[in-house]
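Got a structure for you, questions after.
Chain lettering (A, B, C and D) follows the sequence in which the chains are written, and residue indices restart at 1 in each chain.
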Amino acid sequence: MRNNNVLGIVFSNMYDEVLPGLTAVRPMGSVPFAGRYRLIDFTLSNFVNSGISKVGIITRNNYQSLMDHIGSGKSWDLSRKNEGLYFLPPFTMSDELYAGRIASLIDIRPFFRNAREEYVILSDCHVAGNIDINNIIKEHISSGADITVACRHGFAPPLKDNLIMWMNAENRIIDIVLGQHPAGECDYGVGLYLMRKDLMVGMLEAAASRNQMNFDRDILLRHLGDVNIHGYRLPEHTSVISSLGSYFKANMALLNTNVLESLFDPQRPIYTKVRDAAPALYGLHASVSNSLVADGCFIEGRVHNSILFRDVRIARDAVVENSIVMQGSVICERTSLNYSVLDKDVVVKAGRVLSGAEDYPLFINKGTVV
Amino acid sequence: MFRKQECVAMLLAGGQGSRLYALTRNLAKPAVPYGGKYRIIDFPLSNCINSGIETVGVLTQYQPLVLNDYIGSGQPWDLDRMEAGVHVLPPYQRSRGGDWYKGTANAIYQNIAFIERYDPEYVLVLSGDHIYKMDYSKMIEEHKRNKADCTIAVIEVEMSEASRFGILNTKPDGMIYEFDEKPARPKSNLASMGIYVFSWDKLRHYLNQDEENPQSQNDFGRDVLPAMLNKGERMFSYRFSGYWKDVGTIDSLWEANMDLLNPKIPLDLSETDWKIYSRNPGLPPHYLGATAEVQNSMICEGSKIHGKVDFSVLFSGVTVSQGAEVRDSILMPGAKILPGARVNYAIVAENAVIGTDAVVGSRPEESPNLDEWGIAVIAAGINVGSGSVVPSKSMVESDI
Amino acid sequence: MFRKQECVAMLLAGGQGSRLYALTRNLAKPAVPYGGKYRIIDFPLSNCINSGIETVGVLTQYQPLVLNDYIGSGQPWDLDRMEAGVHVLPPYQRSRGGDWYKGTANAIYQNIAFIERYDPEYVLVLSGDHIYKMDYSKMIEEHKRNKADCTIAVIEVEMSEASRFGILNTKPDGMIYEFDEKPARPKSNLASMGIYVFSWDKLRHYLNQDEENPQSQNDFGRDVLPAMLNKGERMFSYRFSGYWKDVGTIDSLWEANMDLLNPKIPLDLSETDWKIYSRNPGLPPHYLGATAEVQNSMICEGSKIHGKVDFSVLFSGVTVSQGAEVRDSILMPGAKILPGARVNYAIVAENAVIGTDAVVGSRPEESPNLDEWGIAVIAAGINVGSGSVVPSKSMVESDI
Amino acid sequence: MRNNNVLGIVFSNMYDEVLPGLTAVRPMGSVPFAGRYRLIDFTLSNFVNSGISKVGIITRNNYQSLMDHIGSGKSWDLSRKNEGLYFLPPFTMSDELYAGRIASLIDIRPFFRNAREEYVILSDCHVAGNIDINNIIKEHISSGADITVACRHGFAPPLKDNLIMWMNAENRIIDIVLGQHPAGECDYGVGLYLMRKDLMVGMLEAAASRNQMNFDRDILLRHLGDVNIHGYRLPEHTSVISSLGSYFKANMALLNTNVLESLFDPQRPIYTKVRDAAPALYGLHASVSNSLVADGCFIEGRVHNSILFRDVRIARDAVVENSIVMQGSVICERTSLNYSVLDKDVVVKAGRVLSGAEDYPLFINKGTVV
């Protein structure tokens, strides 16, 4: 009945560079998603729903908004007496040190030393999915793996450092290619790794002492021959955010109720910080379809195929289609919005027409008045 | 251990709310859902913290399980404090037996020890029956200014309605000289709101005295306040103007919800400088499907709407299926309206299911006899079978 | 809303603890101070969280104010959880009137709704009367292994003492075939510890059945367990070895405190792998003055010692003045021993004051008649005037 | 009845350099003090006891231990829904920016912008005292001051940047000298300033835009002529920590019960993080006098004129005099300790004799086995 034996580590800044607009003011972990969430909510909720009760969040920069969001961790039931949530800001001030996963992990060795857990799971924040980590743990143990690497099957995202893997019939990884983007479908890593804590610390120290600082290259690839590295295929509805386009697509996918229900499975809820807002209010001329609408919205216009975050106002005769409108934004009368992503507190003035394209949505920076 | 507090609030939350019938079968009245994401008790609790009152005793007695869990540590209202904060106070046994709370005054009397540990100057007595936003600190300021022993909040009602209320007759300076309970010929239109500020020393004296009186029903309105007035204590009215609504009956609960959809009615839950806090169910944003038609309505998190919704208040986790129609109604958390069902002028309580093509309630204009027309109520967890018809004004407490 | 929990613990904390007399006048027994900084309830609550049981219902009834505040949100025991955690469950009124808890089984019966929302496999029934460290998860494991319906924790007692206990007679595999309440001629020395694991489906069935039986006293030991045994349910004993002490009487409470000063007794509160948690009073370290002489004793935060203390347990915020002598005694939080006073074999409850040169209690070796000798008790808040003499075995409940 | 109108700002790293041993592993704010406290506890408790409910903690480096100590702020009742406690780590990574008070404050301008409070109080962490800040606020308002600077009277501490002030009969500051250490007694600042928020932000921006980055010099001294700067003399029992010697002295002063009781006034409690430890246990041969002893200690030897933090063990025949022994340290048999300050988890092996002098105590680093 005790909590499971796994220590969770979250990298809140990994892949910041793929969403330059959204991460200009926040780390990847606090990028808004699905109307009221931040990306880190998915990782933290997956951890907590799987019984992980000690979580360290590695931060590099821009993390004020993340600290505000996470607070004491109470929203994820991680405000614990002996365990719970730990912010792990860089101990040293040098920017370079934090470039790599290995350097970040080496920096928090005392955290590993003090933890009683036997296993460690490492997770990035650019993945939105409802993942039962206990299944990964079970498969890790039953397969006799030393390291388990979670992956998705499909076309690899346009990331420069993809981890592309080939597995045998038992899902043991037999070959790895880094960075290369093959033409067809493949299994690609999603920055989620499970292994024994002591094995990891040992490998980290060995690598760092040789100045080998790339986790995928200097630990996985180098040890492919001598340790058992296992692949775990994640369920279908797990979105990898690798560009504004894929961010847009992952949000829009939620307008399919099957996807929505699999991400927000009531048996494994996604937790987030509570903000007090009144329920959404629909006016006399409101016409809304195929959309997600958060609390606090006031809608008098037309909304179609869109996601509205908290406290968004859509005035009369405004038309919002195929768009994501973040918290506090105001869409004035007679505007037309199509294929657009509006960051927080944007104002679109009356009569404006804004339109991006399906594969290249228009992004509007936080606080802009257009 | 406990530090002095200038004012302690005591919230009477023990009432059965029997005029809400089916809605309070397993629920204390202050826990009744209201306004899409609130419960009635959110209003006095939020008013307290917004007024700077950080110590609140909640007196429970009837069906407190839901209420206790809802209040929990008090965190949603910022009332989870080290020494102050919100405390649930049920009746309990002492070495010489125990008593249920006999009346509103007795409930406070039994908790004198709780109040005393904060050594307060003032005690604010509240009830969990009304929807309103009020800055109690202003009332306390006026109580101090008047050097009053007791201050009673009043609201002007229509003179024609005054005989339905407890009316206070006051001198021009606000001093009360008479209580007039539901007067046939009211002399004033100042109705008591059931919100009292007492100087604690005085109140304690009168509570002790009231307890010794075997004739007393141990009620504030009936016993303690008249006793104070008889003895010539300084009792003042405090005028409140603004939205204030008793939600003690099915009709008034329905109306108070509908008021939220009326932009002319001055109760704005989205105001940021006097927020009403509530415990959040933690669900994703609501989803409106391709066939949804929603107008003039309030919709909350986690709901899924594929049908038609007009002039209605929908709580969290509600489902309205394709082809279903909901008008002038309240759907409480988790209610499910299956395809083709029609819901008119109804309250559908938590997790009730209205089956395919069922009809619940009717519109007044369709009613041959308006006296027999009224709001239909489906109790929590009830299943209304497909094709069933629930006439207006019915109260459904078992599956049909 | 609530997620399944494998096991829910129900902690019976409603008892008056009348054999602790003056110490439980205004205090439920589980709230009685113990061991310098603890209350009795810290032990079952800490055992729960250390055993991985995160859902605990605490059934209160008698004088719960102190206990409620002490438990609060459950944070000191890490039991302030979003859905699980500790919940205080007082008796309450329903639409058809309300009941105080009639017996231990009835208390659980009245909270079936609370248990059901977690849909548990097992229910662990605990009491707030004992000092012990126990891993309940091992007991539940054994319950599962035995495919038992009920498992009762037992401890071996001296055969000569067995007739003071409820004795379980078991087959070699631990299966219980007989209950023997305080047997004149015990067949075994396995005493029930009052800790039960039930398979919830079975327990619910027997609770419902017990409630329908007008003859029943609605007690686990007297009614429910014998009924289960009669029906041939699989009932097993679970052997516990280690420190376990009932603190239901003045003598046993005193002894259990003194046990902490005896290095040979296996109850170590400083163990880090099975911590006993408590709510911290938040005082500075204790101060030993230039004239202090402290040996063989336990001293807690915020105390100020200028006199002599030997073989005693001192709680937080205690004062022992210069020239005062405290031996073989327990001084509860805030107790004050003024200059020249002598305290021997006594329990001085919270905030009591022993005046200058007063004498409380006596040593057994000074006593002419050992049968009349015993622990002296000074109730909470009492003033023992200067120069007063309180004989051994007295119970002082008003100022002298 | 509402909380007062003052925003609290704590500088957790100021004067780190004066206690090099103790601040090697922690900022000034988390230096242990008085048997179970950290220095920041005094500042935070003073704030909270005066009704301040929004507090920002400015950190520069080494702040992991401070974050662990503070947690959600629950221990100070600062875990609030809308206000409470904010960690303010450096937004930019450059070390230099944080050298000065002005730069740190300029960096957190958004925090000031978002706060509804009218006043700001700035506090360092090198002062241990029980200070009723409401008295400072009252005097600030009644004296019509623009800025109030709290001070102590006496011999100025050996700091290189003392603020020494001369006041007129109304306690208006009429002259200021920076850094100079006069021969006699004087009024010297203790890093506690109160002023209107908008006045402060205006002055900060004006100074920063001219690259004037020293608060005392570029704001107080420069504006002595044109704004009303008021001095507020703190009560007697307020200790300024400016060296290991004064740290030692400030701790030892608590063995005077008058000082102890004035610092730990039950009406204005000093809050700290709760650590669960059993009560202290005294053995058969224990002999302890004029000492402060925290929970969790186990004492079989002799202790005199000393302060023992949590979980310290003093073995039989060990003698500890005039010393401060921090959490978890173990003093073995037949040792003798005099005028020593032992950081956490030190072990003094059997038979060792360690002795500093009253004005030059011996310091032993955290975790050392001697």
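By definition in this document, a residue touches a chain if its C-beta (ideal position, glycine included) is under 8 Å from a C-beta of that chain, and two chains touch if they have at least 3 such contacts.
All values reported here derive from a predicted model rather than from experimental measurement.
Among the other chains, the CA centroid farthest from that of chain C is the one of A. When the interfaces A-C and C-D are ranked by how many C-beta pairs touch across them, C-D comes first. With centres taken as mean Cα positions, chain D sits 41 Å from chain C.
Averaged Cα coordinates give chain A a centre that lies 48 Å from the centre of chain C.
Multi-chain contact residues of chain B, defined as those touching 2 or more other chains: 75-76, 80, 277.
For chain A, the set of residues touching two or more other chains reads 74, 79.
Put simply, chain C touches chain D in their complex at residues 35-37, 75-76, 261, 269-270, 275-278, 280, 282-301, 304, 313-314. Residues 1, 14, 16, 24-25, 60-65, 68-69, 72-73, 80, 87-95, 98, 100, 113-114, 281 of chain C are the ones touching chain B in the complex.
Residue ranges on chain C touching chain A, taken from their complex, read 3, 6-7, 51-53, 75-78, 80-83, 137, 140, 277. Those residues of chain A whose C-beta lies close enough to touch chain C in the complex are 1-3, 74, 77, 79-82, 267.
Interface of chain A with chain D (complex): residues 61-64, 67-68, 71-74, 79, 86-89, 91, 93-95.
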